[in-house]
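Each chain carries a letter (A, B, C and D) given by its place in the written order, and its residues are counted from 1.
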């Protein structure tokens, strides 16, 4: 009996993640507009954009290969699986044991690998710019992410996200290394989701865009899938920060329906808070030059490494 | 039984070599040789695998040849069986690939006899039971591969590569010879079984470790001794480079493991410091150099260096844990290292086969002149893409599993007592993560410049798909990569007896978990389930495709590339290998002193603008150039002694006589 | 066969001396080239047969001649290499006469001298009287001096003259050493012949006066050392090899150096048997290492192919002397094995080099390219020879180098490092030259080599066989001698 | 009676060493050949005296051979060779006469020290003989080293061989085979030198080994 319930909760989480991703995107755009004293489009606009794109005709370049057409689905699937594995409103879900934080980082790496290939497929110079810079960011972001995983795993004693969340719930002591890991995670999140200091999500200005450059040749339903995957990635990072550093409100396995509802509400609240803070950061910083970003990501790597070193040196940090 | 099968297969391989030498003129020579090698390797593979699966008790045999008083001893135990499986799987794949690839060989007489001799040499090294047989087969393997590297000897660089290779190989052998001299002692008991038993002082084992690092490290390609590898591996025919990169480096790893873990028993803690430092340095430097290469096979050779660095990282961690008495963690690290070695032999051979396929299709190794090969060669592109995913350690393939196990073993190391190790292991973990990320960037570059975009030369445009044998070989290897990636548990259980024999304790049995997930230390700490991750990705892709195709419009139109309104079909406008590497090169420019010089002509000047990229290979400049300079200088100085007059030669004799008489009169 | 010889009252021991001497006289009279060459081959074949008979039944040790474990191997070896070289020289000289570098008048002189050289070497190997051994080595030197000068070119004359002067000085020192040994033996064994008989000397070795033996060994080391070609005394060897006819270089490198070193070993046995005498080890070790490293570096700048392999002979003689200097059963066994392997491999290389020089018409390495392309069999034969001499397994020389290096490293780590450095430098130069000669686009003559490759590949086959399997009797002999050598 | 026998033997051996010094002193070609003849005469005298003391008749044969060959035949032949080649002017030594003489002193001292220490147990006659023989050998070798001219080198070589004959005769009871071999080598040396000198003369119109050295291997 509880197997079906567990599977139902897992299915709920996967559906929830799909549903909330565009909403989160719409909310952040709304808040950004408000901060810039504009009305801005409604928070449901991303849903309409996706539906519009799905119905539009796909225009392919002559030399687009089979990879160009199948790639987007692969990217969407990888990102969706990664997002579904991060605990949102409850920990200890049925399939949470299949992959830990390192595997989730690697899944995002697979998605990025394919995205860079798609950017290069048609052989346009903008695709090249996007792909080469994306991979350069990745060479620093991924080690930083691994270092953050090490720090958190050394504190919590496990790399499973559910175990980490339960540990964070029980032991309430503030640790220096966790602070460093949080700062590093925020920097990596900004870089990975192509937010302001690293890349401007809103613009199509050729020479500055990185993430958008790779999607340049896409149209119609393929573009919709890729946009959806980008939104899912944003949601993944925010729920990751929420799950590790703000674990309150997460329902334990075997709790009643009421606690799951409380978990759901707190999760939506966390998303809103995350979106708001993200917009605050974005409106307060200007975009960096491309070759300032390696130093920016270098800081994240150093913070992560420092956190790990402190954990290695003694238990108390 | 498996030992006799292995010895008989070596004998068959040597006889094939001899026959090939005689009949290399025959038209069907190459097909028969490769088919025979394929059959022998398969037989050897099956017998070794069966041996490994059930009892794997150590068997030994003695032939009356070799050193007169101890004869030639051969031995097979769990470790040897595992590496026999790795070697024979690699050689079977290479022989299968060569059935198709071999037809295009210009000088079969120079490749066929040495190919099966090379296979025989590698198998013999694994089976060797005493120092003499080990070194004879080790050097015989180097000699055979040197002859293969010299197969296309008309090209000046191949000759230079062959020369540097044979010199590094003999340096390595002499280092190993000194190591065995120390282990065997003045009385000369060269038997492995008697060496393991002998009690030797601590400093002696330390010195032997250094010598083994020089010997086996030079063959594997550890950093200061790696210079020959990117020269020699590409020079050989592709199926041989696959064997050299994928399999011969594993023989070097076997040598290191056999001597350090088996013959020398309990390690000191400071050994792991050296091995970790060299491993980390090798992995990062290897992949950074790979990032700069334009020749596909050189790029793959440098990436071999990176993966060997990762393997030695695992071995270093295992040494550290064993010295600190943490056998569980040591078992984890050792299994991670062995698994990564096995994985690397799979995907590296696959990638070299891909490079070979491109070479036959376009007779071009420089990826700058390729591009758009995915159109004419879709299946090779798919298989090469699989190889790139595996080597970039991305789930659900096998590269990620060994990388993941390595990260788990790094996480278990805070309990290490020594302070220096406490500080070193996190840095090593960071460099490991950095090298994995760089590998992903390097192989995105390699795949996209070679296969995607528009063809940059007529050769790329007129390419054709390779023959069926090559594709089956590549397909088989990709299937293995996927299989190990999805079901790592059974593979780890197969390796358990090896780890048990060498580190004293194996990893907890992975088999009994219902969903085939692997649990390195404990259920609570971490687990990874390759199968479910693959199933989830596969299902969600199908789901997405179904939903999109039900609701979305199906209309599709082909048109010129959008490219922000500047459609320019000329291939020159595409990103090239150097431009793709430019961001990473600039970030890590300090490592290679990479410089870019732009020569922009004044307006109105018709001269084309030039961008020159230059970087320096510090290892070559600081170590190898001075040595060869010193030798030439000494040769020049001493050369004058050839042109003395008779009188001066007599004065030499006279001086020698007088000096000796003085010595005798003073001394006695 | 032995009964045939027996009823001719010809013991095998006397046969191996009489056959060369007799055929020398015969060959001096034979006018035609064709007949002389065949006769030369036949003579060496008979000598080889007689030598093989020695393996079967070993005669009693006479006062002038004797056969024991040490020299039986070297007698068979020099008879075999003498035979294969005569087969090679038949075709080589035939070609030289065809391009009239040698007039028929020279040939009578050449074949006679060849057999005199064989006689001298066999005499040197079997002499029980140390004075007789000295005379034999002196005779061998003089014959090779005349043979080196046979081409009458400027360089040949200069080489012969240099060989004569240095050789004679060396031999004079060796004579002085022999006299000192006699002086040491006289009070113990009494005057006259039996103070010169080696078997008597070895029994009474403990009671000989140690100081005199030390001085004697210094002179003997320098005297016979010049004939072995060790470093400071080596000057004659490269030019003698380069300027003389190739069969003579093969015999010189393969056998004469061994005979000189064999004489030195005889005296080392005497010294080793005398406990008070100063151990000869350090002297031989230093000379060996100096020759090894010196010759290793000299290989790089060589332009003439035969001169390069001459320096390689100096290098290998250095390794062998180093092995005997180290002493101990393992190192001595390796030294003896290395002597045998080196003479087989080096003569094989000189056969190949002889063919190459004739086919390409030059001995300058810069003008020889792509040998494996133009002459595959010859090219790969030369590559196999060089790979063997550079000490790569599975060929024989690796086994001896393996034993020397590993046994030395355990006792004297520093010496072993210098030895390994020398080996590496030398193999570096050899492989560099082989890469230039054997590979790349073929240049120069592509005329087919009409001679047979039997001598070349029989030697290489023997070396390969020895690398894998050593016959038990050979191992037993070497081990007994290794213990004797101390 | 016994005493002055030994003194005469010492005197003769010392005379041979003295003649070797005179050889070093010569700087004219003819002078060199005459002193070499004297050197051979003193040698044969000492050998004959040794024969008388040891009562070994075969030594007289050696003395006779040394006298006939080395004192008469070879100097005359070399004299004619030098005359035909026209090189009878000066011999330029490498180091100069003074330093060679000093070096000669050092060599004699060295051979005394080495030989006397080595032959502490042997009888006095043999000890002295060996010491003088070694010094003659070393002086002969030094002469070959410090002279540029081929003929003077050969003379140096021959004087060294005289030292060997002295040593051989000093070793009482050494079998005849050694004497014959020494004679044999002198004979062959003479033949070979003659042949070579003429041939060299044919080829290079001079006997100065300087020109000879231009044809060392790989020079061009």
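Here is the rule we go by: contacts are C-beta pairs under 8 Å (C-beta built on N, C-alpha and C of every residue); 3 or more make two chains touch, one makes a residue touch a chain.
Worth saying up front: this structure is predicted, and the values here are computed from it rather than measured.
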item: Shared interface partners, meaning chains that touch chain A and chain B; value: none
item: Most distant chain from chain B by Cα centroid; value: D
item: Rounded Å distance, chain B centre to chain D centre (Cα mean); value: 70
item: Separation of mean Cα positions, chain C and chain A [Å, integer]; value: 79
item: Inter-chain centre distance, chain B versus chain C - centres from mean C-alpha coordinates, in Å; value: 44
item: Mean-CA-position distance for chain D and chain A (Å); value: 101
item: Residues of chain C whose C-beta touches two or more other chains; value: 161, 165, 169, 173, 211, 214-215, 238
item: Set of chain A residues in contact with two or more other chains; value: none
item: Sites on chain B at which at least two other chains make contact; value: 642, 646, 650, 653, 657, 661, 664, 668
item: Touching pairs - complete list by chain label; value: A-B, B-C, B-D, C-D
item: Residues of chain B that touch chain C when the two form their complex; value: 64-69, 109, 131-132, 135-137, 139-140, 143, 150, 153-154, 156, 159, 162-163, 166-167, 170-171, 174, 177-178, 180-182, 184-188, 190, 631-632, 634-636, 638-639, 641-642, 644, 646, 649-650, 652-653, 655-657, 660-661, 664, 667-668
item: Residues of chain B defined as touching chain D within the complex; value: 642-643, 645-647, 650-651, 653-654, 657-658, 661-662, 664-665, 668
item: Chain C residues within the chain B interface of the complex; value: 161-162, 165-166, 169-170, 173, 211, 214-215, 218-219, 221-222, 226, 232-233, 235-236, 238, 278, 283, 294, 297-301, 328, 330, 372, 376, 387, 390-394, 398-399, 402-403, 405-411, 416-417, 420, 423-425, 427-429, 431-432, 435, 439-441, 467-470, 472, 475
item: Chain D - residues contacting chain B, complex; value: 94, 107, 110-111, 113-114, 117, 138, 141-142, 144-145, 147-148, 153, 209-210, 212-213, 216-219
item: Chain A partner contacts - residues on chain B that touch it in the complex; value: 371-372, 374-375, 378, 381, 385, 389, 392-395, 400, 403-404, 407-408, 410-411, 413-414, 422-423, 425-427, 429-430, 433-434, 436-438, 440-441, 444-445, 447-449, 452-454, 515, 517, 524-529, 532-533, 536-538, 540-541, 544-545, 548, 551-553, 555-564, 571, 573-575, 579-584, 586-587
